[in-house]
Structures are given as C-alpha cells and as structure tokens.
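Look for chain A in each of the two complexes below; its partner is chain B in the first and chain C in the second.
Coming up: the complex of A and B.
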C-alpha cells in the first residue's frame, strides 16, 4: 500500500453543491443594491442642485424681461401723452 | 481592471468547499464558511490582481477560517464521516472503504496537522507553500507531515489487524 497515493485519491476535491454559486451570488445582492442606491443618491445630488439653480436663474430672467416690457409700455404711454400735449399747445399758440 | 467574480467563484468553489468539508467534516458548516470566504473576496475584489492571486487568497482565507472555526467549536473528531457523501468523481481505488477510513483518520488529526495534510494531498502544495500559507516554519510543516503519515500508517495497520 502506498499511503501517499491513497491519501491523494481519498482527498480528491469534491464538487460544491449545485446551488452553491447561486447562494453566494444571492448574498452579494444586498451589497450590490446598497452600492446602486449610493450611486443613485450621488447622481441625484450631483444633478439636482445645478438644475434648481438653472431654474431659478431662468425665473429671474423672465421676471426681469416682464418688468422691462412693463417699463417700456409705461414710457410709451407717457411719451404719447407728452406728444399730445405738445401738439395741443402748438395748435393754441397758432 | 476588475476581475470577474462569477468566474472566480466557478473556478474555485470546489477548492474552497472541499478544504472546508474535509477539515470540518460538517457539510452545512463547510458550505457556510465557504460562502463567507467568497463574500469576503467579493468585498475586496478591487485589491485582487489576478485569478491566480484570487485562488491563493481564497486558499489562505479558507485555511485560517477553518482553523478558527475548529477552535471556536472546540472541534473534536466525533462527527461520523459517514454523514459526508462520497466525492462526485469516480473512485480510482477499488476499495472505497479505504478512502472512508483514511478520511476518518485524517479527521482525527490535530487541527494544524490536519490542515497540513489536506493542503499537501488535496491541494498538492509543497511544504514551502504550505509553510507560507499557514505562517509556520517549514520544519514544522515537515514534522506535521511526517508524524501524520506515521500516525495514519500505524492506525491503518491496526485496523487491518483488528478486522
């Protein structure tokens, strides 16, 4: 009997259970889900503040434009009024 | 480059599971320990440089986890090896009982000696590699091997006489 040869034969590797790999992978999933959630949170944190800033800037620009349009309208009305008064005085003077 | 964990798992599951099973002689415990070791590897996959590095890391990890587990359980070779199914590979030896007896006798060796024998005859590692893996002097590895073989040979002969 060659003990060393017998030991090698007796200690041949045994295949892991058929669902072993699936069970290991299932145990890695919570970590994958966690990493995905962290990645999603980082993405949201990176995208949302610039988005909000852009929205506010656009809102301010719209308000400024509206105010300018209003100011120009008032000025136009005033100018029209002055022009009418000038014309009135000119007619009376003649 | 991140390694393919699924591939590492497929390539090494037999190695890790077999070492744990032969050492603990407890199928459920071996599977749990093997799963834990693969999860540990998964968590540090970024630090693993190659498939060979992964294999070496897994072998080292399962050896140390097994020895720790045996200490925790204060493991004594009282669990019948009959509970452990036969290897899936076809036996080469015409006497399957011989393998059973050998595995049972290996299970009765002290923890360190048992792991040395498993690494030598299951994993076919030489004493230098075993010494590196288990952080023990090479002389201790050789001594474990020599004494284990003597013990196993003696017990096998004793059983032959008793039969």
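Coming up: the complex of A and C.
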C-alpha cells in the first residue's frame, strides 16, 4: 500500500445515506422558522410603533382642533353679542 | 462674566413670553357655577390644532376660554371678576370696548402690535347668569376671526357691523 492508494480510497465518492436529505431539512427547518419569526418581529417592531405614534398624534391634534374650534366659537359668539349691544346703544343714541 | 451671560440667557424666554392669566383666581366663580367650560390650549397641542385649521391661527401662542354658567342670578359679584381686570391693567392691555348695561358688562381688550396686528385679545362678558373670560395670545389679524365662518361659526364683520351669513 502506498500513499496514493490510501488517498484514493479516502477520497472515493460515497453515496449519501438514503435519509440524508430529510435529516438536513429537518435540522434547517426550525432555524428557518425562527429566523422568519425574528424577521417578522423586527419588521412589526419597525413599522407598528411609528404608525401607532402617528395615529395618536393625529388623534391628539384632532381633539385639540375641536377644542380650538369651540374656544374660537365661544369667542365669536361673545364678540357678536358685544357688537349687537354696541349697535343697540348706537341706535338709541341717534 | 460667564455667570452674567447665563443669567441673561435664562431670563430671555421669560421676557419674551408674557405671563398668562392665572385662572385659579376665578375659582370663586367656578365654585358657584352650575356648568363650566374651560379650554386651555398652548404649545404643541395648539400648534397641531391650528395646523389643521389652515394658516389663520398659526401664530396663536395660547388660547384660554373659560365660561361659567349659573343656575340663578346673584351667584357671583363684580369683585369676583377683579383679578381679570387687574391682570389686564398690569400688562397695559388697551380696553377698546366697555359696554355697561343694568345687569351686564362687556369688555374687549387688545394688546396692539406696531404693524396693525394684535398680540392679544381678551374678552370679558358678565351676564346675570353667565360669565365668559377669553384670552387669545399671539399675533392675530382681526380679519382672521372672519375665517371662522367656514367652520360653521357665525361670521362677524368687526369693522362695519352686521352679521354675515
């Protein structure tokens, strides 16, 4: 026996066991599922909070707008009331 | 020297913004009121609200509207309104309207800017069963009040009188 024969034997192509592919897939599947779950979680974490934040900001702005409209309408009603008083006084003075 | 600059820098915002009216001084009114409406808007909330209403009210810095409704007459007295008048007097607001009737007082105060705009509008209306105090602060064009008409609020001609649609 010489070194060349030893190497040839050692490097000789061997057929994979019949369940080799199934075993490899079984090992990789859970990892792929885990990675998919992590990717989904990262995507959700990246997209949802800004969306919620924007929604809340919009909601707050709308509530504040309603309050501002009410405040300005009260102001207008009071100004209108004062204006009518002035007109009434002016008419009586003439 | 550094300390002087720090003190000046710290004092600048306070000088730039006039103090607002302390509505707690009207607690006496609130205590006897059947119904109160208190609206206080400033800062980011006011900016966001004004932003949704177009350009007209973008320059408002604070909006305070307090309304007190009483079940019957005689549940407040003139002295209860003194804090408002004292505050406006202390800041040299100009009283442009003062209507006194037997049982009613209406006053409008302005804080004028040199360019014809107003820096503040205050309204005090005291009826037998209702008191309303309004403080609008920030650069406001009187004509902007007319723009409220588009929001379903009665439109007013401030200069010529008369109600418009």
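In the analysis below, the second predicted complex is superposed on the first by the 77 of 94 C-alpha atoms of A that agree within 3 Å, B and C clash if a C-alpha of one lies under 4 Å from a C-alpha of the other, contacts with A are read in each partner's own complex, and residues count from 1 in each chain.
Basically, a contact is a pair of C-beta atoms (placed from the backbone, for glycine too) under 8 Å apart; a residue touches a chain by one contact, two chains touch by 3 or more.
Just so it is clear, the structure is predicted and the values come from calculations on it, not from any experiment.
Participant: Just chain B (first), just chain C (second), both, or neither: which does A:43 touch?
Facilitator: neither
Participant: Taking the superposition on A as described, I'd like to know which of chain B and chain C A:86 touches: first, second, both or neither.
Facilitator: Only chain C; A:86 stays clear of chain B.
Participant: Contact-wise, after the overlay, does A:61 reach chain B, chain C, both or neither (first, second, both, neither)?
Facilitator: second
Participant: Would you check which partner chain A:75 touches, where first means chain B only, second means chain C only, and both and neither mean what they say?
Facilitator: A:75 contacts chain C only, not chain B.
Participant: Does chain B (first) or chain C (second) touch A:27, or do both, or does neither?
Facilitator: Only chain B is touched by A:27; chain C is not.
Participant: For A:12, using the defined touch cut-off, is the partner it touches chain B, chain C, both, or neither? Pick first, second, both or neither.
Facilitator: After superposition on chain A, A:12 lies in contact with chain B alone.
Participant: Looking at A:4, would you say it contacts chain B, chain C, both, or neither? Reply first, second, both or neither.
Facilitator: So A:4 only meets chain B here.
Participant: On chain A, which stretch or stretches are contacted by chain B in one complex as well as by chain C in the other?
Facilitator: none
Participant: Which residues of chain A touch chain B in the complex?
Facilitator: Going by the criterion above, the answer is residues 1, 3-4, 6-17, 20-21, 23-25, 27-28, 31.
Participant: Give every residue of chain C touching chain A within the complex, in rising order.
Facilitator: Residues 37, 39, 41, 45-46, 48-53, 57, 63-65, 67, 97, 99, 101, 104, 106, 108, 121, 123, 125, 132, 134, 136, 145, 148, 151, 153-154, 156, 158, 161, 163 of chain C touch chain A in their complex.
Participant: Show me the residue ranges of chain B that touch chain A in the complex, using the header's touch definition.
Facilitator: Its residues touching chain A are 5-6, 9-10, 13-18, 21-22, 31, 34-35, 38-39, 42-43, 87-89, 91-93, 98-99, 102-103, 106, 117-118, 121-122, 124, 149, 152-153, 156.
Participant: Mind pulling up the chain A residues that touch chain C in the complex?
Facilitator: It is residues 57, 60-62, 64-65, 67-83, 85-87, 89 of chain A that touch chain C.
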